[in-house]
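Some notes on the structure that comes next.
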Amino acid sequence: KRKELEEHVDENNKVIQMFRQYTLELDAKHDRYERIVKLSRDITIESKRIIFLLHNAATDIDKKKEQIYNEADLRLNQLIEKNFKLLSIELHGQDPYLYLRAYTAGLQEFIEALLYYQFLRYGSIEPWKNLITKFQYSISNSDNHNDDKTNTEVCMTVPPMEFFLGLGDFTGELLRKCINSLGSGNIEECFQICNYVKDIYTGFLRINCSGYKDLGRKVYVLKQSLQKMEYACYTIQVRGSEIPRHMLATVVNTVTNPDVGHEEDEGFY
Amino acid sequence: MSNIVTTEIFTSFQDYLHSEQNIREEIRQIVKEIEKNAREILTVLQVIHQENSAQEISSSCYKARQLFEEVQSNYTKLSEVVPTGQYYRFNDHWKYVTQRLCFLAALTVFLEVGILVSISTVAEILGVSTNSSEFHLDLEDYLMGLLQLCSELARFAVNAVTSGDYERPMQISKFVGELNAGFRLLNLKNDSLRKRFDALKYEVKKIEEVVYDLSIRGLKPDYSSKTNIQEKGTE
Amino acid sequence: KRKELEEHVDENNKVIQMFRQYTLELDAKHDRYERIVKLSRDITIESKRIIFLLHNAATDIDKKKEQIYNEADLRLNQLIEKNFKLLSIELHGQDPYLYLRAYTAGLQEFIEALLYYQFLRYGSIEPWKNLITKFQYSISNSDNHNDDKTNTEVCMTVPPMEFFLGLGDFTGELLRKCINSLGSGNIEECFQICNYVKDIYTGFLRINCSGYKDLGRKVYVLKQSLQKMEYACYTIQVRGSEIPRHMLATVVNTVTNPDVGHEEDEGFY
Amino acid sequence: MSNIVTTEIFTSFQDYLHSEQNIREEIRQIVKEIEKNAREILTVLQVIHQENSAQEISSSCYKARQLFEEVQSNYTKLSEVVPTGQYYRFNDHWKYVTQRLCFLAALTVFLEVGILVSISTVAEILGVSTNSSEFHLDLEDYLMGLLQLCSELARFAVNAVTSGDYERPMQISKFVGELNAGFRLLNLKNDSLRKRFDALKYEVKKIEEVVYDLSIRGLKPDYSSKTNIQEKGTE
Amino acid sequence: MSNIVTTEIFTSFQDYLHSEQNIREEIRQIVKEIEKNAREILTVLQVIHQENSAQEISSSCYKARQLFEEVQSNYTKLSEVVPTGQYYRFNDHWKYVTQRLCFLAALTVFLEVGILVSISTVAEILGVSTNSSEFHLDLEDYLMGLLQLCSELARFAVNAVTSGDYERPMQISKFVGELNAGFRLLNLKNDSLRKRFDALKYEVKKIEEVVYDLSIRGLKPDYSSKTNIQEKGTE
Amino acid sequence: MSNIVTTEIFTSFQDYLHSEQNIREEIRQIVKEIEKNAREILTVLQVIHQENSAQEISSSCYKARQLFEEVQSNYTKLSEVVPTGQYYRFNDHWKYVTQRLCFLAALTVFLEVGILVSISTVAEILGVSTNSSEFHLDLEDYLMGLLQLCSELARFAVNAVTSGDYERPMQISKFVGELNAGFRLLNLKNDSLRKRFDALKYEVKKIEEVVYDLSIRGLKPDYSSKTNIQEKGTE
Amino acid sequence: MSNIVTTEIFTSFQDYLHSEQNIREEIRQIVKEIEKNAREILTVLQVIHQENSAQEISSSCYKARQLFEEVQSNYTKLSEVVPTGQYYRFNDHWKYVTQRLCFLAALTVFLEVGILVSISTVAEILGVSTNSSEFHLDLEDYLMGLLQLCSELARFAVNAVTSGDYERPMQISKFVGELNAGFRLLNLKNDSLRKRFDALKYEVKKIEEVVYDLSIRGLKPDYSSKTNIQEKGTE
Amino acid sequence: MSNIVTTEIFTSFQDYLHSEQNIREEIRQIVKEIEKNAREILTVLQVIHQENSAQEISSSCYKARQLFEEVQSNYTKLSEVVPTGQYYRFNDHWKYVTQRLCFLAALTVFLEVGILVSISTVAEILGVSTNSSEFHLDLEDYLMGLLQLCSELARFAVNAVTSGDYERPMQISKFVGELNAGFRLLNLKNDSLRKRFDALKYEVKKIEEVVYDLSIRGLKPDYSSKTNIQEKGTE
């Protein structure tokens, strides 16, 4: 498009010829970067929505819970099958670390969503090495219009660091969940989450975070969250001291489920 | 030559900025008045935290309603100063106090009839439009007001018990629970509303603790059997 | 899509009904905001490319110059006719100030490109009030599928502030141009640009920038740029003092255009 | 239970970080060596700014070439330490010194034969691959090196005049002019390259001033008639 | 010639700057002493947080009063050092410690007689004027002191319960409630006073929760029937 | 009972705070006007940077003098609003613009008669006292103004050369050199004055380089032989 | 000639700088090891926050003691690397980790025998001198460690209650209260120690509230009658 | 019991902190004096930038030498105040002024005899030891002083030309060139020394441009034939 305008440049000059080549390279890199940023942005938004959806799974009706889990699973898989596949194709043949800054936000948010889903549904999370097996794709080489039907194996690069940054954010969602549980009388869950986060915190303490500013910040936030949860558990214990602990859950449930509670009240008081 | 053109360009910009500053100054004066109103309404309604205030609450609501009339006339002034279609150019000035007044209107209505006030009713109480192309009530400001209400109600629940009123906490618990469920439907961004909503959980927890304290001591009134909760306020 | 999952919410509850409505409103706003951000980003990138193109107009061959100007004009108009039109449609019926933060970057970069184009081609820039006349559109109401062929008049809101922020950036491009001119011996242009920026600076001095942080920062940068240009002009004058001023341009041209210069050298020395 | 899982997860992370730190430490050691090489080459080539250095230049280039051999072996070591496909994970460590070496290689070639060195030749001089999936020379680092070269040449032009060499400024003027034209073809983002390129204008200006000073005093050699500019260096 | 004029001008400035620095140095020394006094008074009054400290409180107040006499003589020194009409030029030096002493004076008076001390009484205790054209007590510093007092009293309420003193929290609740109502009347600017006042609401809530805890367990003394609250302190 | 006392205390505070806010509001309005004056004077004096402005300078000084009369009447208003002995309580409001006006007055006097204006003359031009117990001109503000002047003169020296006026830089060099020597005598604290003074050395260098550029090209007028430098301005 | 002198001067500097860099590198390696030890000790002692950890505490202290032996040998290495009289030249490297280890040593001793460890005991545990002319333990680092201890104990008090251990908070409250009183005696400069101490008051409050929560529910063990608190830890 | 132990521990700390603050205060007073000396020496030596100052330079050096004697006695006082082995604990106080005095001593020696002063000579001039276990002159401070010297000499070169002294720039060019080469040998860390050294290249360039300006106009004296450069200064 611009060709005719540049006639005034001496195309026979060797320097100009060199720089023509350099321009192509630079432009290709910038364009790819922009495309990856957009892909990452989409992943971020959808991951946030999945987390939102999962917070609604705090219901006692198992059927609804199962439905929500199934939908979350489906949408997480769609991210893997569609969005991350596109991302992998962009990164294929490139040094992924060159573009990491462009997609780290989306990747971390996805990991946060995935871990939260795993924790809710299965009570524990999968390690990094399981995660990376999900990101393997087979792409048909249909770019060239001949009948070459060979496939190329492609995979997403997920540096462990991004996994642990996502893990840090995940504990933020656990804090929300823990305090919500307390408000709705689900005491055992509250203790369970708190202990789980305690383990994670102790895990991070063993890591030498110096030189990794992001990680240090996450651990700091994690400690804040943990102390809020510990204080919540403390409150339960202190209040529970006024009646026997084993009756506590019943009382709290009675209190917070007025519909159900009404019938049971008769027996209790 | 270019000098003259430049001068013209900048003179009109100067006029523009000057007139903007004038508008802002007028807005600031009116908002100051509204803030004064809000402070007065808040003071009037603080009666709820005093011991044995049950009887005085309805007269306080009445006083608040009168003060809301002043608020209305101030918002009318404000809407005349702000140019049409530029609500969000200036809304930093009144955003905060409007949230506060949404809280106060919602509290008044809660005290009067025990229900959650709708955004259109609040708009009416403040004397602003519900049509977003006029001087209206922003949805997010209304929602922030509701979150402030929950915080006040948590404190109210505690003080009601101190006053020996064991029904109020039950009413508040149900009310805040419903609000909480409502908020969980919203797809919140990582903004101030989200942050405030995260804090709501702690207030829900606090209220539950009060209800729990009552129930283990057998002080919990048989609230759910009282079908006519709204009527409580209006009696 | 999510409908079936939310059965557990009591849809008869009045509060829930209210919040259903609120959710729709909030989501519509966020979605619109996201769309506007994307439109603005496209405008930014294209405006930067037009500025880049215009810097290549520093050639002595008038025909090439004209070609570049024509292409810039075309592409600026495409932005107005296409991208800004889409933006206007998004903003139609909305308070534009609610979304200003989403599109101010693109708008300012466009203004920078437009002013630079005007300055290069016509030697002066148009004021704000001319600019806003360019952004008026007529849109057919073809949303409803009947034959209602009425049109709606729509226009882009360009607050004067964004115009002057763009104007500030525009002087940054003038600095580049001025120093380039000096390097290529175009002395008169150098003085001309410097004086032009002096006028703009004096214009800004009369403005009360307090309370407008962005504007204050632009004026600060402007002063830096101006002093660099003033120093460049000073250098010309001081060096020019060693031979008569009227011969200076010739000498510099001789020096910097070796191809042309070779023949003239004979006459000069 | 979860405790064990957690422990496992974190232990492997700890190992990962540990091995990363080891790699970084090794890289740092090698880069330190390369920096030392670069400092030595720079010192050797500083001879150009001394008075009457014309004769010594070619022997300095020779010394520089020898030092570049050490550089090569150090880059080979580096490429063995950096895992395949992770060039950009660690490249902050050698980015700066590589730019500097691009500058020095380009300066050497300019002094030797008066032409602009290509990126592939620089890669060869440094002993790194040109294939971007291996340990290669980054295009932006090469370009930054060229911009540093222009800055050095501007200084060289000034000092050459002091030494009474009036041809060198003409050669530099032409060379930097072509480079400038080349850079103007690039679509630069608002990054460090762009900033450095903006500074280039001032160096171009400085060189033009030197040429101008020579020409008004009739000291300008009839440079353009010398068709064989490249040969100047090699003579 | 003009050189001499310039030199003269600057020499006289030098004297001026020098004398200012001397004044600041003197102020700093005296303020250091006052800070030491304040620290000692605070340490003496910390006894209130210890278990079963009821008997010791009045003797602590007595010790505090003695220390305030030292404070007075230090403020007298200070007022002699600060030039007339330049109170606000130097007041950054003593602002902070003065706020602290207002808090300590107000705490002492509260412990002694259970009432809110007036600004003129605090001025008297510190030995400064109330006339703003002399070395006086700034209103904002007094108010900041009161806010610090509320914070200390919230802590006191908690510790009193631990010591089994269930009346103290009731007294504190009433006292802080009134202070809170008072502050609510003020139209505060968006400054440090405002920020501190915003923190007050958390302390009020904390105290209310202590009272709540007593109420629900039937530990709340029938405080309102005791008409003679002031007398409690004076006994 | 104590409630009434508390209320009374706070009501009187409210009056106090209210009247303070009114004073600040009035000050702000007047300072706004003074800032406008200052901006106009600055704009008028910008003529010095234009090409071939020599003739217009004296008429610009005349215009500036007229604008300074408005400044005077505004400072008179200001001095009436600020209560006696509270200059330093409010001086943040006018500090910055006063420094700017000191700069502008000093520039005007320099353009008119080529000498350094004294603090008492500036005080006179602004219409304020020199007695520090009244509404006066603070020494530090005057010094800050002089430092701003040096910065403007450095720019002026450059532009004067561009206009072909080779005497002006000599005059400026001498003037700024003396000011620099004067400031060097002062033992400045580590404050804004110090920071600004540190910047002065770059401006001195800049001006020296201008004089250098003129010298080496034989363009330096034989300035020292002109004994009557002050007269230059007054002609 | 002078060239040779200059070169000699700089060559000797180079040696000097080189040896300094070597020292720093060695220090860094050893400090890295010490940091690893500190992290391990911290991890081991985290057991206190786990539910029902009472039995495991003494075995954790034992493990910590073993790790402190590694710490000792590392400090010994460190003291050999740092030249005499240059402790403060390099102490930025180990300052932070030393504070952390003071905290950990103090925590271990508190868990073992319930008393405040003295600086000389900590020095012994770390294997450094107490004589400030050798490689010693700096007083400020020890104090910082104590403040870190208070923060950990506040968290411990909360988690102990959750585990049903109601005596621990009483012990902690007494211990931290005494530390707080001690720090209050110090006239701290406005440095990091002061900032950290300001945070202590929140931790004291936090612990007091835990004790309050136990008191009001009648859960407070009759702590004061247990005269032999130290023995608790040693059992 | 343990209370008493704690109190004892903290009381001894208080003494410790108190004595440290006294040492710092003493140091501050002495350093203030030294700063005054440094300011005076700098003022005396500023004569080099005045026109036609050649004759006055040697008398200025003489005055500077006298002032250095005061400096010596102040450093002696300082060395008595600083405890053995704690030089680096307090050296922030005198670091900056010592660098400045190194610069001034080096300038004096350069003006006197035209050579680079050695670190031991500077230590002698300041009256401090060169033995790093006593109160000594830190190598980095000496190097910083040399870098400050280069900056002053660049300015001197410019002003010498203005005064018509065309030899001085040649001397300076050679001197700074050698210093630059010396610094280039050093492997500097990324600290303030490095930053300052990076600035040196601009000063070298500036000086080279001055020499260039002289060369192209045929004003360059035939400097290299003057073998006895050092003698220039001593004449």
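Just so it is clear, A, B, C, D, E, F, G and H label the chains in written order, and each chain counts residues from 1 on its own.
Note that in this section a residue touches a chain if its C-beta (ideal position, glycine included) is under 8 Å from a C-beta of that chain, and two chains touch if they have at least 3 such contacts.
Quick caveat, the model's predicted, so the values are computed rather than measured.
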Return the chains shared as contacts by subunit B and subunit H, ordered by label.
none
What is the graph distance from subunit G to subunit H, where chains are linked when they touch?
1
Could you work out which pair in E-F, F-H or B-E copies the interface of G-H, where over half of the contact pairs coincide by residue number?
E-F
Fit subunit B to subunit E on CA atoms, both being copies of the same sequence, and give the resulting rotation angle in degrees, nearest 5.
90
Could you tell me the distance, in whole angstrom, between the mean C-alpha positions of subunit F and subunit G?
55
Centroid of subunit C to centroid of subunit H, CA atoms only: how many Å?
50
When the centre of a chain is set as the mean of its C-alpha atoms, what distance in Å lies between subunit B and subunit C?
42
How far is the middle of subunit B from the middle of subunit F, if each middle is the mean of its Cα atoms, in Å?
49
Residue list for subunit F, restricted to those that touch at least two other chains
181, 185, 187
So which stretches of subunit C touch two or more other chains?
56, 195, 202, 206-208, 242
Write out the stretch or stretches of subunit F touching subunit E in their complex.
2-3, 5-7, 9-11, 13-14, 16-18, 21, 83-89, 115-116, 118-119, 132-133, 139, 143, 175, 178-179, 181-183, 185-189, 229-230
Footprint of subunit B on subunit C - complex, ascending
9-10, 13-16, 18-20, 22-23, 25-27, 30, 93, 95-98, 100, 123-125, 127-129, 159-160, 164, 195-196, 199-200, 202-204, 206-208, 211-212
Any idea which subunit B residues touch subunit A in the complex?
173-174, 177, 180, 184, 187, 198, 201-202, 204-205, 208-209, 211-213, 215-216, 218, 220, 222-225
Under the stated contact criterion, what part of subunit G meets subunit A in this complex?
35-36, 39-40, 42-43, 46, 49-51, 155, 158-159, 161-162, 164, 210, 213-214, 217, 219
The subunit A residues in contact with subunit G across the complex are 195, 198, 202, 205-208, 210, 227, 230-231, 233-234, 236-238, 241-242
